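Chains here go by letter, A, B, C and D, matching the order in which they are written, and residues are numbered from 1 within each.
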C-alpha cells in the first residue's frame, strides 16, 4: 500500500475527505440529514488547519449555492453539499450556477423530497432537478464517492466543459455506511488535478477588470449560450471517459467511464440501475449466473448528460432490459431512467423493456427483490406477458389496472 | 461472509461497535461494512446496526434480514422477538448481561456468549458504555478475528488515556467472555 | 464549438473593454435647462445632484449641461440656490 | 475671458475623485434617485469595486446585454434570494486569494428587506467583509410598483391600492437600518440624496469598516414614477424626508449609534407626504397614523443615540 491507505469510513466522510484532498478555496454549506456529517467533518478539518479554505457556515442552502457560485466565478475552486429539501431550497441558485457556467462541485446525498415527510433514501431529489443544466454523476459505494468527487473537479473545471457537477449517492445507504476506503495521498491527488492549472484560464470576475457576469441574453444571445451549454454537456461524455482512464493511471482504479458493465458480454437479459443498489444487483447476478441465467448489469455512473450512445452500444440486441428506478416520473407510468431509455428503443434492435420502481423512501432493494426483477425480465425475454411497470415493494399497485 | 445484527439502545455505542469491527476486519486485509438501521437515533431509544464481514469485498447494501450472528448490548432486549428474528441455523449470539445463567430456547441458536460488559466498562473507563468490551468478546466468540486488529482499530476512535482504557476493555472482553455451546 | 456571435465567452459575460452601450437620452427631453451664466455662482449643486452627472464645468466659472444626454428632469433648476437655471420647452429650440 | 468665482464650490465635489464608469445615456427614468446614487458610488469609492446586482430597477443598467455593458465596473448579477451570499462568496474568495477588493452588494428594498433578508441577516451575523447597500425606493418599482416591507403606512402601490377597505398599505414599514445595526456589525448607517456630503462620508467609512467586517448602508432613493412626484423634486423629497424625521440620518459605528444630522424643529409629516401622489388620498387621521409611526421610530432611535459613550461594541471580535 504505497499510494494510499485503507480507512474504514462512511460515504459522507469519504466525500469530506475528497473535498479536502481537492483543496477548494471556498466551502459553503448548511446541514441537512443525511448530508450533515460531510460539513461536520469539513468544519473539523478547517478547525484543525488540515484544510486551508474559506469556510462559510451559511444560514441556509440557498446561500450556500449562491456563495459558492460567486466564489467559483471569481476564480475559486469550491465545494458544497446538500440533500433533498436543501437542494430544493437552493433550486434557483442551482439554475443560476448552471446558466453562469460556474464550475461548482456539489455532493447531493439522495433523499426523498418534501411533502410526504420521509427521512429516507430515494433519488427523487435528483430527478426533481435533473434538467437544471448540471452534470450528474452517481456513485455506488464509499470508494466511488471519494473517487467520483475528485473526478468531478476534473470534469467541472475543464476548460472545454465549465459546467457544474453534482455527485449523487444514496442517503442512509452510503451516507452512514462505513467500509474500507482506499484514501489517496495528497500528492497523487495534486498530480491528478494539476492538469487543470495547465489549461487556459477561465473567465474570472476580478476587481477592476471591466468584466461582468450575469449579462442579459437578448436576440440570439440566449440561444447561443444555451447551445454552448448543451454542446459542453455533450463534450463532457468523452471527457469523463478520458478522466476515468487518467484516474486509473494514477490511482489504479477505474469505473468504465459513463457506465459500468457487469457480466454484460454474453448476457441475454440486463438490469439497468444506478447507485448503491448496483452492489446488491451484482451479488444476485452472481447467484443467478451460477444457476445458468445469463444476466448482466448496466450501471449508470453519469445520468446527465444521458449517456445514450454508451447505453445503446451496451444494450443493443439484448433480449430484455429491466430498468430499476429509485424515483418516480410523475406523469409517466415508468420510472425516469426507463422513460428516457425508451426514447432509444428503436436503436436497440428489438430489445424489450420494462420498468421497476423500488427503493423509494428506504424500501430496501433486497436480494429477493432483485431476484424477482431478474425473473420478471427473463419472463419478458421468454415472450411471456409481463407488466410494463412493477412497484416491487408495493404489490398493491398491481390492483390498479392502469399501472 | 458473516452477517451480524447489533441490538442496543442509544448511548451504548451500538453503531460504533459495528464500525470498530469493520475497521478491525479491514486491518487484517479482509472486508467489513457497517451501517445503522435507518431511522432516528436518540439516547435511550432502541438502536439496531448491521455488519457484514468477509474475506471478499462486500457489495450488498441492503439491511440484514437473516443474520448469522446477533449481538445484544442491551440486556433488557434479550428476550424481544426482534432480536432473534431471521436468525439462520447454526447462529451465534453475544449477550451483554450480568447474569451468565440466562438460557434461550431458539432452535437456530447454537452458540451463546455472555459477558458483563457494563461492569468491565465501569471498572476501566468509569462509564457504562459496553461497546469496546463487546468488540473483544465478538472476536473471541466468532473466531473470525484476533484481538490485536481490534485494539489497533480503536486508535481511529479514541486517543490518549481513553484509548488505553478502551484497549483494556477490548482485551478483557476477549479474555473474560464465557462461551456456551447449545 | 458554437460560434461567439453574441457573447465572447462561454457564459453570460459582458466585456466593458469594448465600447459601452449608450442611448441618446437627450431625445427624451421635453424641457431643457438653460443656464444664466451671470446668475451662476459656481457652487456646483446642479452638478452634484444631476442624476446623469452631465453638468460640466465651463472655464471654471459656470456649469453647462451636456444636452446629448440630459433627460430634462429639472433637478438642476430646482436645486440651484440662485435660480440661475430655467427649464425651457424643447420646442422653442427647434427650427 | 473673465475669471469669476462668485461662490464657493460645494465640498461634495471633493468626494467625487473618480471617473463616472457609467455610460452617459442609460435607461433610468428622468429624475431617478437610483441613477444619481449608482453613479456616485464608484465616483466616491473608486472604479475597482465589484458590484453585485439583482433583478431590480438597477438591473437594466447594471447588467449588460449579451457581450456589451453600460459601465466599466466588474459586476455580478444574479438573484434577489441570495444577493448577500453572492457577495460573501466573492469577498471570501478574494480574501483567500489575497486579492485587494471592495465588494458592494447593491440591492433594492425588495431584496434587502423582503426576499433576500435572510441571507442579508446571515451575512451580517457572520460579519462578512463587504459593503451592503440598500437603495430604498419603498417598493418593487421595476416590476410596476408593488409594496415591500419598507413601503410606509398609507402609500398606494399596485398591490396596496386605495379602496373602500384600504388606506393603501395598511401596515407600517419595517425599520431596516435599525434591524441591521442590531446585528452588532462594525458599521451601519442611513443616508439620502439630499445630504451628499453625509452620504459620501458614510460610503468611505463603510469602505474602511469592511476591513473589519460587514458594513450596511440604507439609502433612501425616491422614485419619481412609482411615488408620483415631479422629476425635479427627487432631491426635495429626500430633504423633506430628513426634515420631518421620516428618514433620520444616523450611523452606528462599532455599535455606537449617533445622529449625523439633528433636525431642530421637525416639520409635520404632511410636509413630506404632500409631494407624492402615493399619499394623496390620506386624510388627517391617516396622516396621524403615519406621523405616530415616524415619531415612534425617531423616539427609539433618539433613545439609542443617547446611550452612554461606553455603550459600544468591542472593536472587533476578529481583531
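One rule holds for everything that comes next: contacts are C-beta pairs under 8 Å (C-beta built on N, C-alpha and C of every residue); 3 or more make two chains touch, one makes a residue touch a chain.
Chains and their UniProt names: A = PadG1: phenylglyoxylate:acceptor oxidoreductase, subunit G; B = PadE1: phenylglyoxylate:acceptor oxidoreductase, subunit E; C = PadF1: phenylglyoxylate:acceptor oxidoreductase, subunit F; D = PadI1: phenylglyoxylate:acceptor oxidoreductase, subunit I.
Quick caveat: nothing in here was measured; it's all calculated off a predicted structure.
K.L.:
Pick out whichever of the two, A-B or C-D, is joined by more C-beta pairs in contact.
P.N.:
Per the contact counts, C-D leads.
K.L.:
If you average the CA atoms of chain C and of chain D, how many Å lie between those two points?
P.N.:
Roughly 23 Å separates the two chain centres.
K.L.:
I'd like the Å distance between the centres of chain A and chain B, where a centre is the mean of that chain's Cα atoms.
P.N.:
About 34 Å separates the centre of chain A from that of chain B.
K.L.:
On a C-alpha centroid basis, what's the spacing between chain A and chain D, in Å?
P.N.:
Chain centres of chain A and chain D, defined by C-alpha means, are spaced 44 Å apart.
K.L.:
State, to the nearest whole Å, the distance from the C-alpha centre of chain A to the C-alpha centre of chain C.
P.N.:
Once rounded, the distance between the two centres reads 54 Å.
K.L.:
So which bits of chain D are touching at least two other chains?
P.N.:
63-69, 72-73
K.L.:
Identify all positions of chain C at which a residue touches two or more other chains, and write them in rising order.
P.N.:
In chain C, the residues touching two or more other chains are 6-7, 9, 13-16.
K.L.:
Residues of chain A that touch two or more other chains: which are they?
P.N.:
As it turns out, chain A has residues touching two or more other chains at 73, 100, 210-217, 219, 221.
K.L.:
Building nodes from the protein chains and edges from chain pairs that touch, which of line, ring, star, complete or other describes the result?
P.N.:
Contact map by chain: other.
K.L.:
Using the touch rule from the top of the page, what pairs of chains touch, sorted by label?
P.N.:
Every pair of chains in contact is listed here: A-B, A-C, A-D, C-D.
K.L.:
So in the complex, which bits of chain A are touching chain D?
P.N.:
25-26, 28, 53-54, 56-60, 62-76, 78, 92-93, 96, 100, 205-219, 221
K.L.:
Using the touch rule from the top, collect the residues of chain D that touch chain C in their complex.
P.N.:
So the residues of chain D in touch with chain C come to 1-10, 12-13, 16, 20, 23-33, 35-36, 39-40, 43, 63-73, 193, 196, 224, 230-236.
K.L.:
Could you pull out which chain B residues touch chain A in their complex?
P.N.:
Per the touch definition, chain B meets chain A at residues 18-19, 22-23, 26-27, 31-36, 38-40, 58-63, 65, 153, 156.
K.L.:
Spell out the part of chain D that touches chain A in their complex, as residue ranges.
P.N.:
Interface residues on the chain D side: 47-50, 52-53, 63-69, 72-79, 81-90, 92-97, 99-102, 118-119, 121-123, 125-126.
K.L.:
Name, in rising order, each residue of chain A that touches chain B in their complex.
P.N.:
Its residues touching chain B are 6-8, 119-121, 141, 170, 172-174, 176-180, 276-277, 279-280, 282-283, 362, 364-367.
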